[in-house]
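Each of the two complexes below includes chain A, the first together with chain B, the second together with chain C.
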Partner chain A sequence: MKRRAALVMAVAMLVGCQREQRDLRLDPPVAAALDQVAPTANGIGGAPPDVYVALGGPYESNAYNLGEGKRLYTWFNCKGCHADGGGASGPALMDGWWRYGADPVSLFVSLRDGRPNGMPAYRDKLTTEQIWQLVGYVQTIGMASATTAAPSRNDEMQSRPAENRAPAAADLPTPPSR
Partner chain B sequence: MALWAALFLAVGGAGRAEDAPGRAPAAAITPETVRGLRLVSTFRTGNPQAHVASPQVAGDRLLVFTPFPHTLFALKVEAGHLRVDWTFRPDGNRMVEGVACCGLGLPGPAVAGDRLLLNTLDGHTIALDAATGRPLWDVPSAAVPRGETLASAPLVAGDRVIVGTAGDDFGIRGRVAALEAGSGRPLWTRFSTGSDQDVGIGPGFAPFYDRDLGRDAGVTSWPPGGWERGGGSVSGTLLHDPELGLVFHGTGRPAPINPDQRPGGNRWSSGLFARDAATGAARWFYQLASHDLHGVSGTGPLLMTDRDWKGVRRKLLIHVGLSGYVYVLDRVTGEVLSAEPFVPVNASRGVDLATGALLRSDNKTTRIGTMTRDVCPSLTGPVTPGGAALSPETGLLYIATSRLCMDIEPRPATYMQGTPFTGANLRAKRPPNGSLGALVAWDLAAGKPAWTIQEDLPVLGGPLPLPGGVVFYGTYDGYLKAVGARDGRVLWQEKLASGIVAAPTFFTAPDGAQYVSVLAGQGGALGPSAGLEVDARDATAARGLGNVLRGVPPPEDGGGALYLFALP
Partner chain C sequence: MRLRHLIVSVLLPLAAGGCAGSQSALDPQGPNAASLAWLIGAFTIVCGIVWLLVMIVVGVALLRRRGAAEPADTPLAEDPGRERRKGAVVLAAVLATVVIVTGLTVISYLATHSLTAASGEPLVVRLRGYQWWWEVTYTSPSPDRFVTSANEIRVPVGRPVRLELSAADVIHSFWVPSLAGKQDLIPGRDNQLTFTAERPGIYRAQCAEFCGVQHARMALVVVALPPDEFAAWLDGQLRDAATPANEEEAAGREVASGKACAACHTIRGTPAAGTLGPDLTHVASRQTIAAGTLPTTRGSLAAWIADPQGVKPGNKMPMVPLSADELRAVSAYMASLK
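== the complex of A and B ==
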């Protein structure tokens, strides 16, 4: 009886460990399909690819992908312009104010194709999957509501409240005029 | 052509010396009369960014140069009123906003007789007719896709125009070029890194210190290929001494900031060059910091003066260093005569005058993946390129200072053309004692301040010493202040709509009326070190300034407004 209970508990614990799926390598057709966003004519907003919806928006809700996005954010020099979201030569990403849209498709287009006021295109530097991972992470920087998924903790200099804390954009400043 | 040459010879070469144009001929503004200063006119530029270019005087016109996208306004003062005489709007490459490290502003044009020589942020050098604003020629001087911008005004040296590139944060290979003033035709280009031939080092090169010798040191003091993206921008003051036929310029810090990615002496970054104005050949070099760990950079103010130094008449070069020291050099030989700190410094213990070496503090070295705390001064620098001026009347050097320290944590940097090549997490800190800013009146001979005025926030606007014994400067919280040049007593102040991040200007109208003009316009909450969209809840925002300027209320309207003050 005792042994049986222990076995049930062990199985339950093992099942409990299964939190989410990590795809270390996307199927090439899926990766290609993920590039097929349909932005509106002005490049702001639009429809995500069908496969993105079918997968359930894995880049906003999957901790592994968010963690990868966080690494890419440092590795691909995003920090040099946007700091840890507070901005420097580039605009802040945590102030709740987006020049070119805050939805995943707008962010994907910003990263892939660049934007006219200084944002370089990362088309030739990152894979489609990496761009989506960055999109997911960048959204957590300017998070206005709490989510269940968060990237890994910050091992570097403490700069701002962590992504998994209460909404960072609780007290939004007035949008700047340009 | 010969006429042009003669013209340039006649007016060029003043640089930022004590006889710089725009100085008051008479001494109507004195400590006694300054209290009567009244606002007579204002002019809005319509640009919301940080206005770091001081108003400039060109004949009977007052020039106002806005940040990118640029507009150059030529204003005339008629009976106390400002009237726009002409405007010039160069076409701009908006992509440059992504490779401008520190705001979108830069100093306005150099004035050469009836011509203006203008540098734009997006890399154009343009000659204009001063009477009409009509462009005469327009040549590319910096390549934006490579991360290059222009951050300083051109220097007119005889019939040449000298232009240096900026972009240490983007891993450029710094260079300085001479153009023919009449046509814009390139004459010579010299780099801050690379082979001796590229750098302009030949038989005439005679540095004062032996450590600055060595064949192709601009290649061998770098890891393989590191010099090709090694920084060393020529983004600070350029200075011309027509008597010696020399051009002086600093070289920026080595790129990236992470020192472990660039083992070696990193020549010829973070130093000062004296070059032959005619050929660009290097005459001497002094490296302020070999293998720079803290962003020492040679881009601080450069000034020249001839003085008695310990009983001997010498031609001096003053460098207000981003390392926190006022360097006094012999500008003929490159010998360092004195180097004393004007802000809190702990990154180094001083300068060894026998070897010229900066003596580093062992406990403030920086290493990849390691946080070094409370390093003073901060990498953002204690002074801006226009932040120092000499007064021939008092002999004092006035310095507008930022008194900041930092926590620095180098991290790996990846070079990708046109993206930042920095490699450090930075967080600015308050200094161990005192305030975040000060106006310092520096006694060069004594190597210490004659007096200091503490300000709550970094001082980026000024100084302007006038012969009558008054120094003007502007504060980050929007005050234009007039203080006694000898004692630092505050004589007069006026609150303006926005923070002041450019030096005020003295101006005499054709009718003899004297004016003090100042351009207010700090831009966003963190001023010229960032754009408008900053969020200081991130401590690393604007290269760490977010950490100390958090809570400073943003201006209601940070855009540019020119104020004109006059005595009744």
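== the complex of A and C ==
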């Protein structure tokens, strides 16, 4: 009995050793393959590259990637247009209902190639990996329920509940259907 | 015998070697570091003597033969003469402790107080800490003579330098042991540090507050130059980037301003005007790249651009896909930016 309890404890402790992996150096061929999205004809929705699926969607479920995306969101002044709650020259991204799609492939295409009415293309300013990191982070902005992975906290005042907390958008009205 | 040999021939020279060099608080090259080194010496000697005395007293107490005068059957019996002697010893020890601690407090206060006392008009340099590099801005009474550089501070010999310290992301700490003590760089709160270099030389500095995965590779050098050399160098830094001398360098400039490089780096005189990474206008004039990680050569510049995450994993510079020709051109251009 005692031995079995010790065994269970040992297994539980070993599970505790599990630590999130940070992939700091993406292999160049993988980075190149991650660029191969297959959007639909109108550029909204589509299929992610096979390697994205093979990697297990690390840009939505890995806290390090989400944190890097959050840093890039500030560094590349996404806030300048998509400010929380208001937006200045671009729409606020808090409701999760977005003109050009909220799925990863649509977001990737929006960031890489730009969109009409002002969204610039970041193809020559960001690497493919950085665009995917931003895609992951931008999804958490409009998220209606908390996930297990969250970026690091804000250094400035929070204008909305932190990403790792309960539903941020629960009190918002349901997105209009199209 | 062999052990003693090992200690004498290997460990002692190693230990003594650690006292000198370009990064040592025990080999001061300026008045601030000298007063700190003096303080370290005074504390070591006083505390060493106290430790030695305490060890001697403990040793004597342990080894002393018990006197026959102590009757074993009445351990609580009091001898008035003995009690008086004990009281005198305790009183003397307490008094000595008070005197020593007060003395050390006073010399510590005086030494640290002298650190902020600078004579003469200081050169004001802004130092901003980033994960994991340093931005250095030389200020001047006229704003058109501000110069931004990175990972290397050049100072004139004999003139006090006031560093205005700030941080962009997390807490860093600036420590150049040969010239001054540590001072933290704290986001949202500006700090100052004044020091003077007395002799020309190259002094290594290091971030002294853990600031993330590449904290260990967040170094910089302080280069002390004779005042006229410093003025000439500063005039050179004010100029725009060197124009490409040949076709390869010209192609490199196109790559640097057309690819993602320009989103983060500034090269004055070209379209590259990003402000997220180090200013590269005169990158080849600096001794190291990537905050003391590699010496500045064309080869190491190419290695760094080709695979920044292999050289310094976790740093904020991404691997920008370049063809072999582009990499050759951009490294030639970077190496030409003296």
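The rule is short, and it goes like this: the second predicted complex is superposed on the first by the 152 of 178 C-alpha atoms of A that agree within 3 Å, B and C clash if a C-alpha of one lies under 4 Å from a C-alpha of the other, contacts with A are read in each partner's own complex, and residues count from 1 in each chain.
One rule holds for everything that comes next: a contact is a pair of C-beta atoms (placed from the backbone, for glycine too) under 8 Å apart; a residue touches a chain by one contact, two chains touch by 3 or more.
Computed from a prediction, not measured in an experiment: that's the story for all the values here.
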Superposition-derived comparison: chain B or chain C, residues of chain A touched: B
Regarding the shared-chain residue A:W97, is it in contact with chain B (first), chain C (second), both, or neither? first
Tell me the contact category for A:R160 with respect to chain B and chain C: first, second, both or neither. first
Where does A:L26 make contact in the superposed view: on chain B (first), on chain C (second), on both, or on neither? second
Which partner chains sit in contact with A:T127 here, chain B, chain C, both or neither? Use first/second/both/neither. second
Taking the superposition as given, does A:W75 touch the first partner, chain B, the second, chain C, both, or neither? both
Which partner chains sit in contact with A:A83 here, chain B, chain C, both or neither? Use first/second/both/neither. first
Interface residues of chain A shared between complexes with chain B and chain C: 75-76, 125
Would you pull the chain A residues touching chain C in the complex into a rising list? 22, 24-26, 28, 31-32, 71, 75-76, 124-127, 129-130, 155
Show me the residue ranges of chain A that touch chain B in the complex, using the header's touch definition. 74-77, 79-81, 83-92, 94-95, 97, 99, 116-120, 125, 156-161, 168, 173, 176-178
Would you pull the chain B residues touching chain A in the complex into a rising list? 48, 94-102, 169, 371, 407, 409, 411-414, 416, 418-422, 425, 427, 524, 529-543, 546, 554
Which residues, counting only chain C, touch chain A once they are in their complex? 169, 187, 258-260, 262-263, 276, 307, 309-310, 313-314, 316, 318-321
